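Each of the next two complexes has chain A plus one more chain, namely chain B in the first and chain C in the second.
Up next, the complex of A and B:
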C-alpha cells in the first residue's frame, strides 16, 4: 500500500483520521498504533515480527537505561569522592554495555536481513583466492520494508536515552508507535523520539487548519510523484536498464531525468509523509531544503535527505572523531606529519567512514561503496585544494560573495551531483564506468525514448514549477501560508487545479509503468 | 440557528468535494476520445457503432478473447450476429460496468463470458488495488481517459464526438504472427483448484445477475492459452459454474479442444492465439452456439444490411490473412516442398 495508492489515500488515511478524530483524546494514540500496525502488516505481512522484536529490544534497554540513570542519580551523589568515582565508572560501563547490546541487536538485525548475502559474496570472493576450497553459505532473508529506517531510529532512541537528552518510554506500545508510525516507517524521515513523542503520545485536538495544510502538502507530493517522477521513470528505466544501447545525449538526458525523478519522488514522498502526519498534528522532521541551490556537495547533503546526514553526523561522525582510538591516531599523526595534517587526518578518516556508511546504507553492493567514495573524494579534494586555490586566485574570497560566482558554484554542484546520480542509478560499478565513458560517443538515435514530445513538455514545465517553488522557499516565502490568506474562490481554484492536474497529467494507467518508491527499497 | 465550527468546516469540505466532483466529471467528458474507435484497446469500442438490438451473441473478455474469437465467422457460417467486446487487461470489474453500457443499446440473447479475467491482474498491483483502480476508472471517466489530453486541440475540444465507427471483424483482431511452442501438457492434474478472488467472484455474480435481468443466457468459455491457464484454474471456474448453474466450455480440455496445435496456432509462445488458432476456436464455439441456443439466421434480413456488407469485407480480407499466417507458420512452404 504505497503512499500514492488509491487504497491508502482514499480508504486507509480517511478511516484512520476519522478514528483518530472521533475517539476521546486518551484513545487517540491507540488509533495511531492500530493504523500503523495495520499499515505495516499490509506492507510486510509476517515480517512485521522483526519490527515488533526491534521495538521490544529498544523499549527494554531504554527502560533499563532510564532505571540505571535514576539509580545513579539517587545513590551516587551521597557517596564519598572515591566511591562516587568508582560507582560512576560502574554505572557508565553498565550503560555503555546496554547500549552496545542494543546496537549489536539492531545492527545484527539490519546486517542479517539486508547485508548478509553481500558480505557472504565478498567473503567467498576472498576465499576463492586461497587454496583452501572453502566457501561460506548464508541463508537469504527477505528484507522487511523500512528496516533501514526503524533500526536507525531505534538506535538514536537508545543513544539519546544514554546521553540523558530524553527520558525513556514507560510502555512498550509507545516505542512501537514511535518506530512503526506509518508516515515515517517506509521512507523516513529519521525522526527523533524527543521530537515526535509528545504529539504521538498526547495528540492535540483535531485542527481544521492543520488538516487542510496536511492535505495540501499530500497533494503537492502527489503532483511531484505522479506527474514528474513516474513520467521521467519511463525514460530513465529504458536507458539505464539497457545501457549498452545508449550513449552521449541519451545518457545525459537520462541522467538529468533521473536526478529530476529522484528529487521529485523522494521529496514528493516526504511531502506526502509530512502532510499525512500534519493531519494528525504530528510534526515530522523536514528531509529536504532546496538541494539544488547548494553551492557544494557537502552543502547539497545538508539539504538532501537531511535527517540521514544529521543522524550519521551526530551518531557516527562526531563520536568517531572524539573517540579514544581516533584521538590517539590524531596524536600519532601530529608527531609524524606535523600539526596541520595531524589535525586533518582523523577528520578525513571520520569523513571517509561517514560517506561509506551513507553509500552502504543505500544498499548492499560495491556500487554503493563507490557512490559513497565519490562524495568523499569530492569533499576531500575540495578541502585539500582550497589553500592552493586561494594562492592561485587571491580574489576568490571576494568572488564568493558575488552572485555570478554563487550561480557558478550551484551549476558546478549540480553537474557533480548528476554524475553521482549516474553512478547511483546504474546497474553496477562496471555499468557506471561504461556509461560515463559512453558520454563521449554521440548518440545517433531519437532522444524521444519511451516518451513523446508532450511528455517531455510536461517534464520541462514540471521541472520549472519545482524550481520556482524551491526559489520561493529559498527566499523564505511559505506558499501555503500565502495561499491561506487569499479569498476562498482563488484557494479552491488552486486546490481543484492541483487535483485535476494530478488526475489528468499523472503518469498512471495503461500507457505508463507505475514505479514503486525508490527509497522504500532501502 | 448558528453552526458550530466543526460543522462549518465539515460543510466546507463537502462543498469543496462536490465542486471537485463536478469538475472531474466535466473534464472526463472532454477527455473522452473523439471516436469510438479509441474508446478501448483492440476494437471493442466498435460495438457502439452497431445498429441497436442487432447483436445476438456478446463475447466479453480480455486479449485472449480479442485475438481468439472471431464472431464474423459465425455470421458467415450461420447468420449469427456476435461481437467480441474484449481488450487487454479488461477485468471482471470493467466487464460488469461495460456490460451495463452495452445493454443500453443491445439486447444479446447469449453472453459468452471468457474466464481469463477471473485470474489475471497486473503483477505490480494487489487484487485490492486492481479492483479499486478498475472500479474508479469506470465511475470516473477522467481516470480512464486522462491521457487523451495529448490529442486535444482547440478545434476538436468542443466538437461533437463521433461514435458511429463500425468494426468489420466485430471486435476480433486477426493476428498473423507465429511464435510456436512445443505441444506439452499444461493441463496436467495437480488435484488443486484455484479459487477465484473474492471480489472478482462477487463481480462475476453481478454479471450473471445483470444478464438474468436482461434475459440473456450466460455461457462461460475459456479460450485456449498454454501460458496463463491450467487445470487448477479450470477447476476454480468449473466450481463457480456449477455453483451458479451456468454452462462452462473450456477449450483447453482434451474433450473440447478444437485441435489447437501450439507449434503453429499461437502468436507469442502460447499466451494468445493467432488466426489459425482463432479460426478453430470460433468454429467450435459457433457450432456449440448453433446447437445449444435458438439463434436466428439474420443473413439477408432487413435491418442487417450493414452486417451483410461487413461480412463481404470480412470474406475479402480472409485470403490475405490466411496466406500470411500460413507463410509465417511454414505451412505453405511445407506444402510446396
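Up next, the complex of A and C:
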C-alpha cells in the first residue's frame, strides 16, 4: 500500500483520521497504533514479527537503562568519594553493556536481513583466492520494508536514554507506536523519540488548520511524484537499464532526469508523510531544505536527507571522534606527522567511516561503497586544496561573498551531485564507470527516449516550478501560510488546480510504468 | 580558569587564516564547519587534557570563542 495509492489515500488515511478524531483523547494513541500495525502488516505480512521483536528489545533495554539511572541517582550521591567513584564506574559499565546489547541486537537484525548475502559473496570471493576450497553458504532472508529506518530509530532511542537526554517509555506499545508509526516507517524521516512521542502518546485535539495544511502538503507531494518523478522514470529506466546502447547527450539527459526524479520522488514522499502526520498533529522532522541551493557537497548533504546525515553525525561521527581509541590515534599521529596533520587525520578517518556508512546504508553492494567514497573524496579534496587556493587567489574570501561566485559554487555543486547520481543509479560499479566513459562519445540517436516532446515540456515546467518553490522557501517565504491568508475562492481554486494537474498530467495509465518509491527499497 | 587568548590560539592553529572577535558567530556563519569543529575538539582535548563527550558537541558550545572558553572551563572543573 504505497503512499500515493488509491487504497491508502481514499480508504486507509480517512478511516484512520476519522477513528483518531472521533475517539476520546485517551484512546487516540490506540487508533494510531492500530493503523500503524495494520499498515505495516499489509506491507510486510509475516515479517512484521521483526518489527515487533526490535520494539520489544528496544523497550526492555530502555526501561532497564532508565531504572539503572534512577537507582544511580538515588544511591550514588550519598556515598563517600572513593565509593562514589567506584559505584559510578559500575553503573556506567552496566549502562554501556546494555546499550551494546541493544546495538548488537538491532545491528544484527539489520546486517542479518540486509547485508548477509553481500558479506557472504565478499568472503567467498576472498576464500577462492586461498587454496583451501572453503566456501560459506548463508540463508537469504527477505528484507522487511522499513528495516533500515526502524532499526536506526530504535538505536537513537537507546542512545538518547543512555545519554539522559530523554526518559524511557513505560509501556511496550509506546515504543512500538514510535517505531511503527506509518508515516515514517517506510521511508523515514529518522524521527527522535523526544520530538514525536509527546504528540503520539498525548495527541492534540483535531485542528482545522493542521488538517488543511497536512492535506495541502500531501497534494503537493502527489504532484511531485505523479507529474514529475514517474514521468522522468520512463527515460531514466530505459537508459540506465540498457546503458551499453547510450552515450553522450542521452546519458547526460538521463542523469539530469534521474536527479530530478529522485528529488521530486523522495521530497514528494516526505511531503506526503509529513502532511499525513500533520493531519494527526504529529510534527515529523524535515528531510529536505532546498538542496540545489547548496554551495558545496557537504552543504548539499546538510540539505538532502537531512535526518540520515544528522543521525550519522550525532551517533557515529561525533562519538567516534571523541572516543578514547581515536584520541590515542590522534596522539600517535601528532608524534609521527606533527600537530596539524595529527589533528586532521583522526577527523578524516571519522569522516571516511561516516561517508562509507552513508553509502552502505543505501544498499549492500560495492556500488554504494563507491558512492560513499565519491563524496568523501570530494569533501577531502575541497579541504586539502583550500590553503593552496587561498595562496593562488588571495581575493577568494572576498569573491565568496559575491553573488556571481555563489552562483558558480551552486552550479559546481550541482554538476558534482549529478555525477554522484549517475554512480548511484547505475547498475553496478562497472556500469557506472562505463557510463562515465560514454559521456565522451556523442549520441547519434534521438534524445526522445520513451518520452515525447509534450512529456519533456511537462518535465521542464515541473522542474521550473520546483525551483521556484525552493527559491521562495530559500528566501524564507512560506507558501502555505501565504495561501492561508488568501480569500476562500482563491484557495479552493489553487487546491482544485492541483488536483486537476495530478489527474491531467500525472504519469499513470497504459502508457506509463508506475514506479515504486525508490527509498522504500533501502 | 583558562583565558580567551588560549582559545584564540587554538582556533588560529586549526584555521590559520581565521581572524574573529571573541563574541563573533562561528558556526551559523560557516566560519567553522563540522570538520573544523572536530579538529578544535581534538586540539582542546590534547591541550587541556579534557574528556569531551558526544553530549558536549552541541552548537551552542562552539558558536563563539567565548562559548568554547565556557565549555573548557566547565569541563576542567
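In the analysis below, the second predicted complex is superposed on the first by the 522 of 522 C-alpha atoms of A that agree within 3 Å, B and C clash if a C-alpha of one lies under 4 Å from a C-alpha of the other, contacts with A are read in each partner's own complex, and residues count from 1 in each chain.
Following the convention adopted for this analysis, a residue touches a chain if its C-beta (ideal position, glycine included) is under 8 Å from a C-beta of that chain, and two chains touch if they have at least 3 such contacts.
On a predicted model such as this, the values are computed, not experimentally measured, just so you know.
K.L.:
Return first, second, both or neither, reflecting whether A:344 touches chain B, chain C, both chains, or no partner chain.
P.N.:
Touch status of A:344: second partner only.
K.L.:
Between chain B (first) and chain C (second), which does A:165 come into contact with in this model arrangement: first, second, both, or neither?
P.N.:
Only chain C is touched by A:165; chain B is not.
K.L.:
Thinking of the overlay built on chain A, is A:314 touched by chain B (first), by chain C (second), by both, or by neither?
P.N.:
second
K.L.:
Which of the two partners, first being chain B and second being chain C, lies in contact with A:298: first, second, both, or neither?
P.N.:
In the superposition, A:298 touches chain C alone.
K.L.:
I'd like to know which partner A:454 touches here: chain B for first, chain C for second, both or neither.
P.N.:
A:454 sits against chain B, while chain C stays out of touch.
K.L.:
Answer with first, second, both or neither: which of chain B and chain C does A:89 touch in the superposed model?
P.N.:
Neither partner.
K.L.:
Have a look at where A:335 lands relative to chain B and chain C in the superposition and call it first, second, both or neither.
P.N.:
neither
K.L.:
Pick out the shared contact residues on chain A: the ones touching chain B in one complex and chain C in the other.
P.N.:
none
K.L.:
Can you list the chain A residues touching chain C in their complex?
P.N.:
163, 165, 298, 313-314, 317-319, 321-322, 327, 330-331, 334, 339-340, 343-344, 346-348, 350-351, 379, 383, 387, 390, 397
K.L.:
Okay, in this complex, where on chain B does chain A touch?
P.N.:
These residues of chain B touch chain A: 5-6, 9, 16, 19-20, 23-24, 27, 31, 41, 88-89, 124, 128-129, 132-133, 136, 142-144, 146-147, 149-150.
K.L.:
Looking at the complex, which residues from chain A come into contact with chain B?
P.N.:
Residue positions touching the partner: 5-7, 10-11, 208, 452, 454, 492, 495-496, 499-500, 503-506, 508-511, 514, 516.
K.L.:
Mind listing the chain C positions that touch chain A in their complex?
P.N.:
Spelled out, the residues of chain C in touch with chain A are 13-14, 16-17, 33-35, 38-39, 41-43, 45-46, 52-55, 57.
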